[in-house]
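In the two assemblies presented below, chain A is common to both, partnered first by chain B and then by chain C.
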Partner chain A sequence: MTFFRYIARRVLFTIPILLGITLVSFLIANAVPADPINVNLPQSQLNNPEIVAAFRAEWGLDKSPLDQYLTYLGNLVQGNLGRSIKTRQLVADDIARFLPATIELATNATVLGILLGVGLGVASAVWRNHWIDFLARTMAVIGVSVPVFVLALVFLSVFHAQLGIAAGPGRLDFTMDEPAMVTGLFTIDSLAAGRMDIFINAVAHLVLPSIVLALYVAGLISRVTRSAMLEVLGMDYMRTARAKGVREIIVIMRHGLSNAMIPILTVIGLSYGNLLAGAVLTESIFAWPGIGRYMFRASTSQDFPAIMGVSLLIALIYVVVNLVVDLLYYFVDPRLRAN
Partner chain B sequence: MKKVRLLVLVLAIAVIATGITSAQDETVLVVGHAESTDSLDPARGYTQTKDIIDHVIYENLVTFPQADASEILPMLATDWAISEDGLSYTFNLASGPVFSDGSPITADDVVFSVNRLKYVQGSPSFLAADIAGVTADDEDTVTFTLSQPNPAFLANLANTAFGIVNADVVRENGGTDAEDAATTDTAETYLNSMSAGSGPYVLESWEPQVETVLVRNSNYTGDAPYFDRIIITNIPEAATQKVALESGEIDLALDLTSDQIVALEGNPEITIYRGPGNIVHFLLMNANPDVGGPMADPLVQKAVRLSLDYEGYVALWGGVQPGSVEFVGNAYAFTPEQGVQRNLDEARALLAEAGYADGFDVTLEYPIFTFQGVNMETNAQKIQADLAEVGINVTLSPAELQVALENYRTGAEGFGYWFWGPDVLDAVDMLAFAPGGKVAEERALWTTDMADPALNELVARARVATDPAEREEVFTGIQTMMQENSPFAPFLQPDVQTAFRADIEGYIWHPQWLLDLALLGRSM
Partner chain C sequence: MGQHPLLVIGVIVVIVWIVAALLASQIAPYEPLAQDVRNRVQPPSLTHPGGTDELGRDVFSRVLYGGRITIPAGILVIIFGSLLGSTVGAIAGFLGGVWDEIIMRVAELFMAFPTIILAMAVTAALGPDIRNAIIALVVVWWPGYARLMRGLVLKIKTNDYVEAAYCVGAPRRYILVRTIVPNCIASVLVMTTLDIGNAILTFAGLSFLGLGPEPTSPEWGRMVAVGIDYFDQWWTWLYPGMAIATLVIAFNFIGDGLRDIFDPRLR
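So, the complex of A and B:
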């Protein structure tokens, strides 16, 4: 029962957090010393006071900031995120259109990153100061420190343009039709439609951007895994397990890794949230129509409703991811269950 | 081991994927473009992306030639008559063309399209602002009445905003041309997903920020285009467009930077197009002696024009020497041959006559800016060298764009270097530089009372003249007089550059619609 009360409490806590986010992003958006009129209307129309006035009225820019904020909150309570100035579509529709692409990429990259990162981290802890350790640590440093857009461009020009062994930018070949929309995840929708060709194409297009993002994620995870494992490996219970004659692989994975899991989970949660919040550069370079690109476009055109909507979404993503991570702690660590 | 397996998997997938795409037999063109539009509705969008797309899905009453804006050609209208006072334009419609649903194009469709543009108050609606009324005289005759003479009216009609829509279809989908259309017209959603025009293509789908798909209009009455299907895919990063072009994934990259184009030179699979654009680089010499100093003297201004090494700038950047402040290719603009010829002896004589036989010192202000690949710093250094030959010692004073722009716009620059892109693809655009015009009056402080009365008279006529012969006469006169006496020295109209796969044919850059997709083809 405590478990459900715990969840309920966490969910309730998100409400003030989200409210705070709306206020902060509204204040920041309004503090920018530029008029959205200048970004969204061509010069010829700026000279026409009628068009300018109509634009202000249409987007509520003629009201006081307090009125604007209250109106926004009122709409928000009814589930209305407003209409984007730039795309003139409902922000909620825009998010629904762009988020699946990001989810698909971020999830793939994170899974790949976990496999790579945890593997490397465990290996480098077990073979500490061995060449394997140095290799793994070097890879981690490279993964974390090489700017992601450099990696993305190099990968695209080498593996796609020059060697021709990887699919290029976009979620599918440009000449290929998208599968009928069900979840917005092309890998799932193509299977649902029974279109194996689209599925293969979608997977092929996921390879390069996933690897680029996964290298970064793996770099983070392997470093944390290594230090957490090193701590655990020196524990008495490890010696006890070995003394009992448990096989070394079981000692490391079950007795070692599962006890080192808490900090690793934390990093995984953070980096997954990060990728979902928009891998702006990776999405731009791979022509990946995701939420990161949408957010970038919204912020450069001072598209307030879209900025607010995406900020809320990102806050929500972090809250959910953190909640999931906390729940996983609960399963990973028996001591938490006891309390 | 894991890596090797991954590589094999990637390879296998790539092979399969290639097999699938090459199995299609229709002709497909893939264009990589940084999409920049919020609407494909002719009456609402006002962006380059919209121009490229709407140019092939809608037709206008009149149009420009394939490569420039030098004249107005008939399109849906066969011919037109302009009233003596320039306030009334009557068009006769061609009888052949039909909309993509096969229904004929009538005068009612024209009236509906124009009124809808005027009343929806979309981004391009200002183009219709001086239309007082438009009426269908009969099935195939339309008359426009203007509230004031506007010699650029025909050029405006060639804008995609005046694309003629199928009135019945648009009405059925929520469209209206009533005066309250700004609030009651709901056809934009329809026009963003389907087209209702008569151009060579129809819109199959537009997924904003992802891709636009055009397919051949089977009812098109003009020359059939080569491609069955055109996919315009949104690639916001220029570097990604370059990679996709090199790999052959796209046929045409519309947004490459000039250094990326240079990097593609020598690649046998890529063709690079270069041709004069519509931007004119010019020097501004302030006509007010308090601001311009020696530069305010018309003799000095002419000496500067005679001192510039025009061929040298063209050698640096490609392009042509503009004959005047108006870009070569616009209606009535001087050709490069009609431009000022360098003559250092005459320049020195003029300086001596103005009292500067030993030259003088002056500061050249310009922004730290590279526009369409032309680095203004490089040109400023060349200007410095050119003018040194006649004894004018130029000190360079570069500034951040916003800072320099402020000085330029407030008329505080004595000697400045800027560039100009046309607002209207008509000769009247150059009147901004003539006495009474925006650039002349506010930035060069060159007022009508300082100018030759004969020039003022020509300018007054140019603002209202609609007869081609008269326009030819007045604009020739204005350009000739401004070569002799004006505070401007236009010196370069640089090339624009585009890269595409070597098997693509028919690419022509256009100052209005950028490129005509219907002219493109693929060699065997």
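So, the complex of A and C:
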């Protein structure tokens, strides 16, 4: 019961955070000299006062900022995020269209990054100051240092253009039809539709962007894994386990890694949230129709409703990811369960 | 020094890039903006060691000059971000109570956005140019320093010598500025070295998205973005890309090395 009360309390606490986010994004969008009219109306119509007035009235730009903000909040309470100035669609519908592409990419990249990063980090800690450690740490620094947009171009150039062994930009080949929308995740929707050909194509297109993002994620994770493991490896219970004659691999994985999981889970959650919200560079190189590119288009066209909608979405993503991470702590660490 | 080969490599690479940027006008074989349209997108050769770009400009010369934009931009972001953040954080930690709550809640709101997304929104709103990109990154960067500084001040505030300063009747401002802050500076400096590679990376990312310097300017991220249209002419984007990568790797080697020295637990 306390478990559910804990979740309910966490969910309640998100309301002031979300309110704050709407305020910050509204202020950023409004406290600037730029006028959305200049970006969103063609030059020929800017001189026509009637069209300009109609545009202002349509988007509520003729009202005072306070009125605009209160109107926004009023609509938000009813679950209405408003309509995008740029795409003319409901922001909620836009998000539903762009988010699955990002979820698919971010999830694949994170899973790959965890496998690689935890592996490297554990190896690095176990063979501390050995050349393996040196190599793994150097790779981690390089992973977090090389700009994703440069790595993406190098990979596309080598594996797609030169060697022809990887699929290019986009979620599918141009000749492929998108699978019928169920979840919006092409790998799942294609299987649901029984289209093996689409599934294989979708996976092929996921490979390069996932690896590019995964290398960055692995860099972050392996650094944290290494330091968390080093702390645990020096503990008395590790010596005890070895003295009992437990096999070394079990000592390291079960006695070591599972006790080092808390900081590792934290960094995994953080980087997953970051990928879901901010993979704009990778998305733009791989022509990936995700939420990062949507946000980019919204910001460059002063599309207030879309900017605020995505900001709220991002905050919500962080809240959910943090909550899930906290719940995982609870399962990983029996001491927390006792309390 | 022999125990930290990566630190040494990092220092050397950073020095090479800074010297290259400072002496660009002496070393570069061509003017960074000089066009030669008849020799556009030529592969690397003896006359153009880095090849030429879409307007026949010399890629090698542009990469050398590029350091003059990217390196100072990253450093400025860190300087202003750490000064602003530390000041705000020190005030929050020192005053405590309501001020602490207000300041830290605001900082958390800024931290709730991913770096590049918030920077993107701010730059797009202010209008894309170098100055605004730097302002945007400062807006993104200060909360991290505010949080660090607040934590440090809270810890140091409880020390006996601070208590002693109160007892001899020192004014509050004196205690904060002369007694507490000097003890925080080392930690903040370590964080700045760990951070500078990241600042450069994010600046180059903004610039890549077209939210930094003007399109013609020889900025590395911008050059990579323009080079995408000439994808098969790899030299147009690979050299500026390598410039960003090597510089950021070098700064991160330095930051990691310093952290190892200051925090031997992780060695």
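Heads up, the rule we're going with is that the second predicted complex is superposed on the first by the 339 of 339 C-alpha atoms of A that agree within 3 Å, B and C clash if a C-alpha of one lies under 4 Å from a C-alpha of the other, contacts with A are read in each partner's own complex, and residues count from 1 in each chain.
FYI, a residue touches a chain if its C-beta (ideal position, glycine included) is under 8 Å from a C-beta of that chain, and two chains touch if they have at least 3 such contacts.
Since the structure is predicted, the reported quantities are computational estimates derived from the model, not experimental observations.
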In the superposed arrangement, which partner chain does A:Leu153 touch: chain B (first), chain C (second), both, or neither?
-> both
Applying the touch criterion given at the start, work out whether A:Val144 contacts chain B, chain C, both or neither, answering first, second, both or neither.
-> second
With the two structures laid over each other on chain A, which partner does A:Ile200 touch: chain B (first), chain C (second), both, or neither?
-> first
Would you sort A:Ile15 into first (chain B), second (chain C), both or neither based on which partner it touches?
-> neither
Which partner does A:Arg88 contact after superposing on A: first (chain B), second (chain C), both, neither?
-> first
Check the residue A:Ala96 against both partner chains and state whether it touches chain B (first), chain C (second), both, or neither.
-> neither
Is A:Ser284 contacted by the first partner chain B, the second partner chain C, both or neither?
-> both
If you stack the two complexes on chain A, which partner ends up touching A:Ala161: first (chain B), second (chain C), both, or neither?
-> both
Would you mind listing the overlap between the chain B footprint and the chain C footprint on chain A?
-> 153, 156-157, 161, 284-285
Once bound in the complex, which stretches of chain A touch chain B?
-> 41-42, 44-45, 48, 50-51, 54, 86-89, 98, 153, 156-157, 159-161, 164-170, 173-176, 178, 197, 200-201, 203-204, 207, 284-287, 289, 293-294, 297
In the complex of these two chains, what residues of chain A are touching chain C?
-> 17, 20-21, 23-25, 28-29, 31-34, 129, 137-138, 141-142, 144-147, 149-150, 153-154, 156-157, 161, 226-227, 230-231, 273-274, 277-278, 280-281, 284-285, 292, 295-296, 299-300, 302, 307, 310-311, 314-315, 318
Residues on chain C engaged by chain A in the complex (per definition of touch) = 6, 105, 109-110, 112-117, 120-127, 197, 201, 204-205, 208-211, 221, 224-225, 227-228, 231-232, 234, 237-238, 241-242, 244-245, 248-249, 251-253, 256, 265-267
Of all residues in chain B, which touch chain A in the complex?
-> 7, 10-11, 13-14, 16-17, 20-21, 24, 28, 30, 38-39, 46, 121, 123, 125-126, 182, 188, 207-211, 231, 233-237, 239-240, 243-244, 246-247, 249-250, 423
